[in-house]
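This structure is in structure tokens; I'll ask about it shortly.
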Amino acid sequence: MKATLLFPDKDIVERFYVPLIYTACRTCYSELEPDEIFRRAVAGEVDGAKQQKLIQGVIESGHGSTIEHIVFTFGISGVSRTLSHQLVRHRAGVAFDQQSQRYVKYKGASTMLPATLEDADPELRRRYEEQIEGSLDLYGDLLGAGIPGEDARFVFPNATRTNLVMTTNLRALIHMSGLRLCTMAQWEIRRLFQLIRHEIFNVSPFLGSFLAPKCVPLGYCDEMNNRDGHCPIRPHKDVVLAAWAEKAKTARAAGRELPVT
Amino acid sequence: MKATLLFPDKDIVERFYVPLIYTACRTCYSELEPDEIFRRAVAGEVDGAKQQKLIQGVIESGHGSTIEHIVFTFGISGVSRTLSHQLVRHRAGVAFDQQSQRYVKYKGASTMLPATLEDADPELRRRYEEQIEGSLDLYGDLLGAGIPGEDARFVFPNATRTNLVMTTNLRALIHMSGLRLCTMAQWEIRRLFQLIRHEIFNVSPFLGSFLAPKCVPLGYCDEMNNRDGHCPIRPHKDVVLAAWAEKAKTARAAGRELPVT
Amino acid sequence: MKATLLFPDKDIVERFYVPLIYTACRTCYSELEPDEIFRRAVAGEVDGAKQQKLIQGVIESGHGSTIEHIVFTFGISGVSRTLSHQLVRHRAGVAFDQQSQRYVKYKGASTMLPATLEDADPELRRRYEEQIEGSLDLYGDLLGAGIPGEDARFVFPNATRTNLVMTTNLRALIHMSGLRLCTMAQWEIRRLFQLIRHEIFNVSPFLGSFLAPKCVPLGYCDEMNNRDGHCPIRPHKDVVLAAWAEKAKTARAAGRELPVT
Amino acid sequence: MKATLLFPDKDIVERFYVPLIYTACRTCYSELEPDEIFRRAVAGEVDGAKQQKLIQGVIESGHGSTIEHIVFTFGISGVSRTLSHQLVRHRAGVAFDQQSQRYVKYKGASTMLPATLEDADPELRRRYEEQIEGSLDLYGDLLGAGIPGEDARFVFPNATRTNLVMTTNLRALIHMSGLRLCTMAQWEIRRLFQLIRHEIFNVSPFLGSFLAPKCVPLGYCDEMNNRDGHCPIRPHKDVVLAAWAEKAKTARAAGRELPVT
């Protein structure tokens, strides 16, 4: 599995991406025209740290439109069709083009081996591998016998690898990362978003810092399946809100005002 | 494969759906309030044929927002994962929930047989069926050996059947039908949209009449792959525009004005 | 200002809307076909309370696609263009058709008076009303002098009232209500969503219960402008997370394990 | 009115934008990984003219996802609120941030004068200008008297100028241009898209060539309001399809096969 940031490169990100978001934010609150705001930001007439601080506040408050103005394009290769079927469910702020099993007549189809099968009983693993290889072999024979590619591929397993080009704006990328970096996400798609986060960090540690499981910005985990608190990243919503409720109750009992701030 | 219109039923469609679109259209051009327009339309104070005529004109002009106000929910079952992977690529005006191969531990997984394989050489078909059955058997054994369902399913073929609930507004449904009823669409998804069209016709022949390959409203086919004109539904764009150009040239040569209307 | 639920009526909501969401949820986790799940739910073979409980859990976990299958259509009338310009910024899961100031030649344009101007110094209020009336009069004179409606309306104030038809799925409605019922939203759009919530409650107290300022499901307020805690609906995120941090620190100091659940 | 392309600059467009679309197209039909396709395209190992030809064909066939991978960000300033209210109705593939009349307390609000009023009877024009100036003066006085900005702006006319940052992918830009460059679009928004097209031409004549009224790629006009053929850009759909029908009828009468290609 591979995820490569195709566009933009580090130089473009460093020169333009923070100024673009800053311009979108400032345009809402200023009588200045956007091209003048942008010119100043790019020229460094507005301090870079000040630009970042504004952006940080806007993202933390969930005012998301301002971070729809910058996009990242990834080449994604060698992921299973199981992963791609999940990935393309994302709709807002994201574009996909995927290798077509209908049009490509594969000469070298390859497959993904899950870790649980890699580590399984050798006999079980052998059966799995034979089954998968049998599928790929039969696919070739079906093509050879004149069956159209779009029908021959019915024999391909979910494990079959595929490639995609994915473009996403920052808002969608933060949203997807929030879901897919969660320890409860499927292992393969979680790994993909770890690679994607790594690519973003390479071109901008500041922007990369916003790619995290959703519990990190929320301050708590809201997954039903984590009511037992087995994931250590953040405590569950229930216990966090209970801690506050307890503190407020104690304050009230002592005749003190609620510590709202 | 099955497509069942879950909502709305024929009674609801007949009472409310044309009036809803009519209200959206009229609100744009009227000083009347929408609830009054709607009341009149539902009460039959505006002639039904007049309502339909307005809607027809609006749809033919491509002014699509007015037909986003009515939705249809389908239960779709027994389609291959090959179909579902294509289907969920639609993003605007459509919602999907799909049977999860991650969470469902299948006891009775079944598969789809393409017609080309059904009609293939018996030996080839036998090999295909054995391969598919082998996959389903191995899936059961993997589950039995404690492999998680989300990994065991890597062995499932594309042919594996799945179920979805799909809700789509009329605009998205016309758009999807335009692409998927085209003779160049994949046979399985084309069959699905034939079933869907049948369901819509059952509750409203008027609304069903807008579900057609995109060449029908366009008046020509714009598919590159049909430059040879093998699909008989409509002539290719190139020849239609050429016919006009020829007629205009003749008119000019004869000193006549261009017949623009 | 008026917001009227045009579709569906109470009978339709009671018969179909909870079963539709339930079917979407169950389809993901079941080998049963969606039309069978739906049939059972509508027939009451699945307990209504059980259906609601599943839906409640799914909404609270933020798994939103399942609540995109049901929609509500509102007639909205008498709101200012200030409100409508904000409202139509919502994009996902929502459709609008609005009275066109380009095509409608107003005979009876009317305007909205903000409470701060209603309660203002009488002289100031008089000037405001004269200015507004002057605009409407001039509009009429411009039309009379042959200026096209699309240009005459340049003189219309933001206060001018407009009508819309809005259709929204439940996910978008919860999202919009979360933002627009917040005490920091603009007063007019907040009032609109109070009317909308009232309409939903009329047809389903269960579904209406999910329409609340976003702080209610979150358990805390995340608005930068409420760091002083002036809005009493929920405490600010900062103090809630601090209460938890304090409790965890005390536990650690006492050698106790973190109370993660 | 001003529209300035903020991002990307000509150098970035020339180095990366055609290769990005090319990579999206090729990934669908190739076993090569997207990063390798992109590397070859950027390095010039694939002929630029060949890349453009593929892109041209894909756009002409309406296969739009491939052109969602490149975006353009514009600073737009000095447009009326009438224009902005229309512009932000676009939803797919586009992001907006707009100067807030709620948060900005204008010191120098300015307005747009339609040409029909500029050229109107001097007395009428004088009344219009007085009315508009009266609105801006009163706004200042309302602010001075302590009325909140969000209420004072109710007196602002539609003519009031505003600024936006707009980011759009190429697919959405072609779609919007198709509607807004049409001679039946409102004059102000049409002018805006002429400026936008000019900006795109400056960085890429190839990409700019796709920005045209929708009748240009269609080959005919499908606007109901142009059934009289008053707009000369393209003949109406009715006459184009009639020319083909006539030619086909003649062919049939002469016993010749239909000239489908």
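Side notes on the structure shown:
First chain written, first letter: the chains are A, B, C and D, and each begins at residue 1.
To be clear about the criterion, a contact is a pair of C-beta atoms (placed from the backbone, for glycine too) under 8 Å apart; a residue touches a chain by one contact, two chains touch by 3 or more.
This one's a predicted model, so the numbers in the text were calculated from it and none came from an experiment.
Identification of common neighbours of subunit A and subunit B yields C, D.
In the CA-based superposition of subunit A onto subunit D, the rotation angle is 180 degrees, rounded to steps of 5.
Annotation: the subunit C:subunit D pair of sequence copies touches via predominantly the same residues, more than half of the used numbers being shared. If you average the CA atoms of subunit B and of subunit C, the two centres end up 30 Å from each other. Here the CA centre of subunit A is 28 Å from the CA centre of subunit C.
Multi-chain contact residues of subunit A (touching two or more other chains) are listed as 92, 96.
By the touch criterion given at the top, residues 57, 60-62, 92, 218-220, 222-224, 227-229, 232, 235-241, 243-244, 246-248, 258-261 of subunit B touch subunit D in their complex. Residues 80-82, 84-85, 88-89, 91-92, 96, 101-102, 111-117, 120-121, 124, 127-128, 131-132, 134-135, 138, 141-142, 145, 147-148, 150-151, 153-159, 186-187 of subunit B are the ones touching subunit A in the complex. Subunit A contributes residues 2, 4, 6-8, 12, 16, 20, 23-25, 27-31, 33-35, 37-38, 65-66, 68-69, 71, 73, 75-78, 93, 95-100, 103-104, 106-108, 163-165, 167, 169 to its touches with subunit D in the complex.
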